[in-house]
């Protein structure tokens, strides 16, 4: 994507403060209900087919008895040079004009190429048709397509909220304010470990926090340019 | 020993080749085998439909392993399909006279294995009904497929290769269909009339068919190289440590030719036993093709080593983890060393002896061994690439193919066999005109009391 | 003009007979050799020599295919500008692969096409006949078509006369793309998000839906039982005293009148007419006829009563309690006032 | 007496023709049949309401300006006027029946977008896109036909003409 193209609109991004994350997984649940992420059941999870768009990885630090857990919320990193995008034969996975790593479910034919090529392993596949027992189907979010079997899915930064907020702002005639727009996970985080905003705006909360000396990106040396910045005091540790 | 054309008149060649087509009705055992094969195919089709309605959950695929035995079998079949191009194109270009007994055998292998291979991407898809999204045609959605995806390259390469090899097979089949047409009865007559396209066998037509065959050979050879390179790029373009390797292109290509030649040996031997081409398929053919086989085996071993050495030498952690997983972890180490035995140790040891190369039964067993080894190689590459432990992936289980997957894979094996059996009943499996031409072009000269056979150049 | 065909078991015999015919003075153009395998070219003088241009055509179309492939790859990427993986829109190293495969495919197809064209150039498109045959059982045949066929037949052993044919090439497979319009509609997506999929409680009628409710289009009542609705649709206008006393909370202003005019244009104009005279396009259907809003009888009513009338709808007028917010109804009141004020 | 080769030729021609017809049916008529417009439960005439009587679209399709859905008027909305207007007409009697029983009218949705397409009437109407751009000129239609084929190409080309964003996530989420 050329520099000119980048200048146009907002570049949505997120800052995740690992030191503030308590591993409560409120974000996981919020994401599940916002985005119609199905529950696959115990048996399937045991087989490794868990469906979640955001999960909290736990790493143990130190030797017994001085053990502490470290929690890292992992979600789609919305890479600037995403490896998953190029390999999709039908553009189901592609870069949207505002830099989101978009996933178009109805276009997806289910080759699972993108899932192999994602170094963060955050893309999940619908192995079965999700079932919504009778009253539960009423809680589905009508703004999000319910995915059927054979489709890849992943975190979209709650693109439905972004688009609706953009539309509202346009009809209102005023631009979006920073912090007005929040994905479900950010909205539900009790410790405010997650911050969402526009990286293109130097005064936004994300831009300011991303300049912190604690800032680090996951697997940065792969050259994928992820758009999620993690804040971590001890930067030399395992993954990050 | 120089090559000598079979000691038969054109009429005798014709009769011997046409025995499979015009000969007696197949025996009960053959019919029974066909019925069993058809049943396996139908079961596979049923399982495929079940899979596409229920979802890919019926397979054994789990989270880090998104590509399973379907892709492994796809790569294997593509590899076997390279037999046709190798024998017909390379040998035709180099003017190897002994090729004429083998060309069509090899081309027909391509004819059936390539569709078997091409079906796997669709079987593997989550939503196979939407495969037309991959076809670049002007549509009412105004959106095109992504030409940056290796799968699109695959789509182009495989369809080019399939069209090319079918046309190649067809062009070289036309003269034989024309020659055999007057003797045909019933549905075969109709078929031959339509397919032979009014072939008469005049000198003009012969000139053109040879020209077309020469052009096809030159055009299809680079296509064939590109096909398996592109298939290897499916893996090599990815950020998976075991797959992201620059040597994968030639490595896959040589491996493909290796398994292709092995498949030719298997089919050749079966034809020799079952159809009685005793005079047309001789130990000399085994010897000649065996030399090619040996060379390919050595080349494969070299590239295999080349894939492994840089990672080992530089202690690249990702690569080393992958190789350690391959060679020493429980479920895969057995397969790995079996592959090493059947693909490298046994062929290299045996094929360097002429006596071994010329004997039918050992070569048959060896060819099957190499094909099993090559299949295992594909399986290891596909499975282990993503299965190997990665801290970001949530590995829970080891991927094991489910019954559905195995029955669909078995269905393609049965389908290829069945297709080949039916083809033999319908069309001449050896090229009559090429055999006859070899015979005509052969000249005998006595030098120092010994008969020397040589061939006037074709063109 | 006679035609004869003689068969020989071995190519050598046929070539010898061919030479004998030439020696007897039969021109070589009249003799056609039909063989089951290519015979050495130097042994046969040309029957009818047509230049063979297959190779050049393949070269030409190979280049065309390459250009076409590039046009397909680059053109389609420019048509719908979708960026992926940080690559530029048209990236040459990647497109070269498509270009290469397209060129090769065109080359291969051209070879077959020109093979057919060149072998079939001088024949009519007519049904294949018994005569359009090479000779059976791998024999070699000489077909002589000449004035002196009889004499040639004498030289050779005599056989019957024969002729030629070909078939039309069926390219129907191009039509095999089934209609893609329908596939998109019936794509398997769970219908739970569908409007009509949401079950409606028994005995109720639909009310403004989720989106409308969200955007404050009316009082949120949810599902209403018809009796309740009908009660609200009282035809006897008994204006509550509280409402009668109510002052207009929306001050009279140009903006308020403008907003009122908009709503009036959408909902009221069809009965009350553009000028509020009660002469809209459907006014004649209503009995009693719609009120003339400019009439002093209407204008003398207090704001609260006008508001209430709009809310519940007196006599034949529909009620707007669920269609308009209270604020909008007061805008309307202001608009009605403006009809006579100016 | 025809020669056997000519009979063969004839058969080939018949087969080809049959194949052609088959393909035409399956690629053209079958989709058309699947996408056909079914009959409405009540003979509502847009020509009468929106054409002759010039009732604005918003009067009945209330959601157009405010929400994503345009909405189909409820039985109550119909009855608001038709309690007074032509209550004796047989079609209005049908509405009356629904009203008395308290059952909704099951209209057949003519312009039906797939579930995975998110379309907002509000966004389009507020930008001045007229109803007939997508729904055809309803003021002359007694029975609503699908006059405009709403496929993705139609959406995309209109978006491009009007310089609207043609990003995939605008419609597919």
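Read from first to last, the chains carry the letters A, B, C and D; within each, the first residue is number 1.
We take it that contacts are C-beta pairs under 8 Å (C-beta built on N, C-alpha and C of every residue); 3 or more make two chains touch, one makes a residue touch a chain.
Owing to the predicted nature of the structure, the values given are computational and were not obtained by experimental measurement.
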{"item": "Distance-maximising chain from chain A - centres being C-alpha averages", "value": "B"}
{"item": "Chain occupying the middle, per Cα centroid", "value": "C"}
{"item": "Between chain B and chain C, centroid-to-centroid distance (C-alpha), Å", "value": "39"}
{"item": "Chain centre separation in whole Å, for chain D relative to chain C (CA means)", "value": "16"}
{"item": "Separation of mean Cα positions, chain C and chain A [Å, integer]", "value": "35"}
{"item": "Centre-to-centre distance between chain B and chain A (centres being mean Cα positions), rounded to whole Å", "value": "44"}
{"item": "Contacts with 2+ other chains: residues of chain B", "value": "130, 139-143, 145-146, 148, 152, 193-194"}
{"item": "Junction residues of chain C - those touching two or more other chains", "value": "80, 82, 84-85, 87, 128, 165, 167, 177, 181, 184, 187, 189-190, 193"}
{"item": "Contacts with 2+ other chains: residues of chain A", "value": "83, 86-88, 91, 94, 106-107, 129, 144-146, 149"}
{"item": "Residues of chain A defined as touching chain D within the complex", "value": "91, 94, 96-98, 100, 102, 104-107, 143-146, 156, 159-160, 163, 167, 170-171"}
{"item": "Residues of chain B touching chain D in the complex", "value": "139-143, 190, 193-194"}
{"item": "Parts of chain B lying in touch with chain C, wherever the complex brings them together", "value": "9-11, 13-15, 129-130, 132, 136-137, 139-148, 152-153, 156-157, 159-160, 163-164, 167-168, 170-171, 175-176, 178-179, 181-183, 193-194, 197-212, 215-216, 219-220, 222-223, 226, 230, 432-437, 440-441, 456, 458"}
{"item": "Residue ranges of chain C in contact with chain D within the complex", "value": "80, 82, 127-130, 165, 167, 170, 172, 175-179, 181-182, 184-187, 189-191, 193-196, 200, 203-209, 211-212, 214-217, 224-226, 229, 233, 265-267, 269-270, 281-282, 285-287, 313, 316, 318-319, 323"}
{"item": "Chain C to chain B touching residues, read off their complex", "value": "9-11, 32-41, 44, 46-50, 52, 54-55, 58, 72-73, 76-77, 79-80, 82, 84-85, 87, 91, 94-95, 97-98, 100-102, 104-105, 107-109, 111-112, 115-116, 118-120, 123, 128, 132-140, 164-167, 177, 180-181, 183-184"}
